[in-house]
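You will see chain A twice below: alongside chain B first, and alongside chain C after that.
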Partner chain A sequence: MQGPLGKFMLKHPSTLVFLGLLSLFTIIVTIGSEAFGYGFVSTSFVKTLGKTLCFCLIAIAMDLVWGYCGILSLGHFAFFGLGGYMIGMWLMYERTRLIVVNAAENAQIPMTHQEIQDAIGTQIFGVVGGSDFPLVWAFSHLFWVQLALVVLVPGILALIFGWLAFRSRVTGVYLSILTQAMTLALALYLFQNDSGLRGNNGLSGLQNLPGLESTDQSLISMWFFWASAFALGLGYLLVKLIVESKLGNVVRAIRDDEARVRFLGYNVEVYKLFIFTLTAVIAAIAGALYYPQAGIINPAEIAPIASIYLAVWVAIGGRGRIYGAVIGAAVVSLLSSWFTGGQAPDISLGFYTIKWVDWWLVLLGISFVIVTLYVPKGIGGLFDKFTKGAEQ
Partner chain B sequence: MLRVICALLLALFFIAPAYGQNAFQDLVQTHAPQIIKGSVKTAPAVIADIQATKSPAATTFLQNWQSKDLWYRRADDLIVTVTTDDNKTYTLLGLADQSVIGTAQKSEIKQIKPNSGLRGLLGTALVGAQLASDDLTTRRSSLESLARDPAPEHLAPLRAALNAETDADLRAKMLRLERLLTLQYDTDTDERVAAINGFAGDLGLDVRARLNPLLDTRLQLSQTPPAAGTFARMITPANDETLSVTDAYAMLVAKGWASADISSDDKRKTLIVNIENGTVGGVDIADLNTDENRDVAYAALVDAGIAPIDVSDADIVSAVETAYFYDTYIEQSPAVIAAAQTALKRINTKVAISQTVDLFLDGLSLASIFFLAAIGLAITFGVMRVINMAHGEFIMMGAYTGFVVQQVITNYTLSIIIAIPAAFAVTFAAGVAMERLIIRHLYHRPLETLLATFGVSIALQQLAKNIFGTQARPLTSPDWLGGAWQINDVIAISWIRVAIFVLSILFFLMLWFTLNKTRLGLETRAVTQNPRMAASMGINPDKINMLTFGLGSGIAGIAGVAIGLFAKVTSELGSDYIVQSFMTVVVGGVGNIWGTLAGAAMIGFLQKGIEWMNPSNTLAAQTFMIIFIIIFIQFRPRGIIALKGRAAGD
Partner chain C sequence: MSGALLEVDGISVSFDGFKAINNLSFNIDSGELRAIIGPNGAGKTTFMDIITGKTRPDSGKVIWGEENVSLIKKSESDIANMGIGRKFQKPTVFEDQTTRDNLTMALKNKRKPWAVLFYHSNADDRAKVDDIADEIGLSDHLDRRAGDLSHGQKQWLEIGMLLAQEPRLLLVDEPAAGMTVDERNHTVTLLRRAAETRAVVVVEHDMEFIRNLDCKVTVLHEGSVLAEGSLDHVTQNQDVIDVYLGR
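For the complex of A and B:
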């Protein structure tokens, strides 16, 4: 291993282990996929796995902001959703435009620019009784701009919100409640029909990439799976680099005693703002990768409860250790989809049949309580026995 | 002897009605030719004659006459009512007491069909008779039916009855209806103006519904300046909201004063029709993807005489500018219009004031709901600093307890009286259990309390779903809480909301008293400020924490019963309120219930205020309210009422 990155890897072998396992997992799924291999991993399951990787990425962000910086944000799913909306706008616009243009090819005279715009507008906004493009769609025809907005919109929102909150020294549970209020406000705003983002219909058909109608979903699902795995690996490395740097030390110190760090002359607010905004951006990227795989995004995804679940994943996985967040998100979200998808066998007690669809949430709720009370270090804490505290 | 007297009495008894029957029938028979002929000229005398008998039979007779239910026997002009089973054989009934006179075949009798003028006359006579009746209930009910279905001919009998009316309340109602009918049907301008002026300050919807049409206008256009008259205002389409230039031009076209504008769609169709060898009007088809090129091609078609000439935008504007567009009142009398304008202005001012009061009451009621939902939290979160995400589920448990109690006890009043302590007991127990099992271990890790209680929250929510199903369960309020307190025609507030307001005031006083004036309150405050010091003073912090948490949870249960009365009880009932409840406590200021009161008041009034600005969109109101709260927290991070000194803790 050469260069600074190589040295870093050797110093922190867990990163190497994680990236190795992630690569191995990706290779196994690729070999098993319908598109490239033997087909024992179905396309829908590839999508589920890809989505799970996106959840792992946002869980890493959550771990950085909560586990390392001590800010229990109950609003990071808002950034996740916003990222999804930003990419979704381009996907939906471009796909609709192609459909309109294709349909117009048989027309006797070509359509003017305005006619094309009107047709797209009617297609997209017909469900909310409109046909004009709202202002927020101004750049939806430009892929690169919209891609930049995936990062910029949630980033700037986090910057403004964080600046307001940290400046007035809102901390602890108050900050949690404030972030929750922000998420609720955003969700309620998007629920309106005149929000410009199709109200509670949300954006749909996102799994169809424009210009690739003939490409099979099994192939597209693999592309997104790879992209998600790559983003997760990159995110892991970035967060690891941050927490192991001097910056990471300051951030951890802020978590442990904010006032003392301030007295030492550090500008605490800037550090917190940086971490808050960075994690918001990571969350947004995760969302931008997630929703094309999910196919649909609507305001219900941003509801405050989603962000609380995120905190729960990280808590179950183990705060303050990045792989813990990944494990928590993967285990809980996969188990959830297994139990609520009706695949888990019902248990018959003779007088009563336990249907997991009904009882899974009860079980999940009780396990939060048990984990919080008795396993405060989460599943990730179990690994400490092997690594003997080499990792913080 | 006795037998003779009895016989005589019996005979009298039978003869008397027979005599009455004959008398009324005879009276009618004297007028039989006029009745059968049914002329408007002769009828008034007949009606007057019949009404003079003042017998109930007279009213029935006039009603039957009006509704074409009278028949006569061709042979002797005997006027009767009939019944039939088969439309062939008819049973003839006498006019006075519906006694059977005989039977007749269809051909032997004929129906009396008064014309519409006569029927109107009969209606008026009937109304007049009922309004002049000696019985107050008859007069009242006839006035009500009149108000439901007024007609111009009712004006005269109403006025006559008004002068004779002795009951003050009924007289006021008659006067009101008389004014309404006058302004709608009377032909005399002075009478109408007087009627309108009489309505000054009346908030009734019926008044506004009749006054507004007097100011209705009709859009007119002319090529010369309009003559004065009932002319309301000039309209300049270029800068008027009600009439766009396009619509104005369409009116000109409809009048034939301008040639039609060719829409871009029609233009496109014309171009398609005239495609020749891949070009239209010398323009290549592929180039027709801009409006400019299409205009060029179309102009070429116009030059060739194939297409009608298009009107340019400038032509449209100048054509619209040369014409005169104006509104005229449909109502013809300027005096009536002026009076209606003045009256409506005064009414609208009064309506606006009433609406403000109504808005204030709405805000007050929403504030008391928020307060009720948040007050339990004010104790567990505000005083004990425990983040209880399951607080909303305690509210839900209270509501479901109310529902279960109602299943057992069907008397709604009794069941509510029992449900309130039952809900308190259930949620108090749940709160104590949760404190003992979970929260006790997490007092030093507040953020983790949030997670653990969230776990409890989703488990409880799902349990409720498993037990009660996903459909909404009703919690029915007793009858005396049904309906609304109608203060005037605009201001109304439902009794449930009044009850919730009273309940929240009661809670506030009770809690304030408990926390500030009792031993338990003193110990609670001591334990929350410094548990070790409190313990060394002989207070058992464990017990106090348990009781305080139980109290907060129990109050949430009672709030659940109250909320369940106006909202449907579902497993999501609690989560609808949890974020707002936390915001209420945070905005108000943690640590004292005055703060919660202030927070609830602020959030309630704010939300109603924003809703008032944009009534169609309550979601937007909530969004803006939350944004406002986020900004508000910047300036007062500790809430409206912040604790100072040592009580502030950190």
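For the complex of A and C:
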């Protein structure tokens, strides 16, 4: 292999293995899809897999910020949700506009620009008793601006929050609590009808791409699946490049003893802020890919519990190993949708029936405790002896 | 005194009413080796905390270098970059990383995240790391995890990391704690050699170790300087005998 990237891959074969497996998986799903192949992978399952890839991407971000930098953020799902909201605003505005414009063409009297705007407003904000566009929707008609906001809004929030927290040297469990407060405050704000983002209704119909009404969901689902796989591969490579650089050494040193790093002359706060903001942006991109596949986003998505699940995925998968985060997110979120989706057979004990919908969380909680106590390296730790041998 | 590398003038600091440092003044010249002794609670560690920016004094001045820069409001990392290195009592090396990575991280290079992210190891830096490893006797342990080194080796690695920073002043807190006699002798050699090109301040309890260092001694007591001079001079001082040696 040629070039610096090729050399890097050869030095860290686990990256090559991961990207290879991801490509293989993408090809298999494509061959099995309804749109391009034999159809043994249903469109709804393609969406589930695509969403799982987005979870894997945010788990990588969580591993970088927690597993490598030692910042136990319990608020990264806020960034994930914000990313979803930003792209959702454009999807919802543009689709509603096309519907209104279409209807106007068939009308007897042509509609004025103002009337069209009002009609769009009524369509979107009728559920919260309004028709005026709130200020936050100012750019919702501009795709590229909303796309930039996917990165900018969560990035700037992370930058401000991180700057205040790290500058005051808030660390450890206090920082975790603060990040929980941040995501809770954001969720509570979005729950309000006058937040401008349709309160608890959230944004819906996001699976329908504007202008592509006649395109079948089986095809659209594949586009998003590919995009998610590509983003995951790119995210993996980026995070791997970072943790294997000298910056990665400094970041790990901060995790292990940040006071000592200060006396080495590194400005610890700037490093933490960099990692925190970068991971928030990765989380936001994952969210922007996730919600068009989910079809709906509402404030419940960024409830504090979501960010705690994220930490559980990474812990079960194995902190400080990027593939561990991917394994954890994939295994736990797929099992979760299997157990809670009613597909898992209930177990009858005669006197009591274990319904997995109710008992899945108990099972997850028990596995978390077992992993923390007995397998602190997580599932990913099982591969350590292969990677250690190969990457020395 | 003009020409002093570091000038500490009348600093005081108290924690919850307890005066840890009380109107302390202290000077060190460039290229000087100095030992600080004093009973527990004399304020030795707090003194180092103030110089390195970890603790802010309630009053007094800390002046650094030829340009007479005040260190009082500087951050730990700024002070470290200005040329003050510190070794802690407990050896603190990054146990999860190799000896080489530890030294490379400490090497005097750009410290901004962007420069660090795109840092490429070069022949110059590799040679520097090899030289330092040679000096601290860890040449054969460069690719070992620092956590697997012996206690004494960790202490040396930490001294090596300080040398890699190329500081003009080295603050060393109890370097000989928990070392064997041979290891102590090696440490004395290391520190004496380091002091040939920079100022070194050693805080130590062990009298034999200080005698081997063979340098000027400052005795701290209750946050102030009690006596200063050669080891023989201060050990004959009646005040010093009363509070420290006589016990």
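The rule is short, and it goes like this: the second predicted complex is superposed on the first by the 386 of 392 C-alpha atoms of A that agree within 3 Å, B and C clash if a C-alpha of one lies under 4 Å from a C-alpha of the other, contacts with A are read in each partner's own complex, and residues count from 1 in each chain.
Here is the rule we go by: a residue touches a chain if its C-beta (ideal position, glycine included) is under 8 Å from a C-beta of that chain, and two chains touch if they have at least 3 such contacts.
These figures come from a predicted structure and were not determined experimentally.
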Should A:315 be classified as contacting the first partner (chain B), the second (chain C), both, or neither?
first
Which partner does A:43 contact after superposing on A: first (chain B), second (chain C), both, neither?
neither
Touching partner for A:146 - first (chain B), second (chain C), both, neither
neither
State whether A:228 touches chain B only (first), chain C only (second), both chains, or neither.
neither
Applying the document's definition of touch, where does A:181 land relative to chain B and chain C: first, second, both, or neither?
first
First, second, both or neither for A:265, with chain B first and chain C second
second
Touching A:368, do we find chain B (first), chain C (second), both, or neither?
first
Contact residues on chain B for chain A in the complex?
268, 271-272, 275, 280, 285-286, 288-291, 294, 385, 387, 389, 438, 441-442, 445-448, 450-452, 454-463, 465-466, 575, 579, 582-583, 586, 617, 619-620, 622-623, 626-627, 629-631, 633-635, 637
List of chain A residues in touch with chain B within their complex:
72, 108-114, 161, 164-165, 167-170, 172-174, 176-178, 180-182, 184-186, 188-189, 191-192, 194, 304-305, 308, 311-312, 315, 358-362, 364-369, 372-373, 376
Touching residues of chain C toward chain A in the complex: what are they?
52, 54, 75-78, 80-81, 85-86, 88, 92, 94-97, 101, 104-106, 111-113, 116-119, 143, 161, 165
Contact footprint of chain C on chain A as seen in their complex
242, 245-247, 249-250, 252-253, 256-257, 259-260, 262-268, 270-271, 274, 392
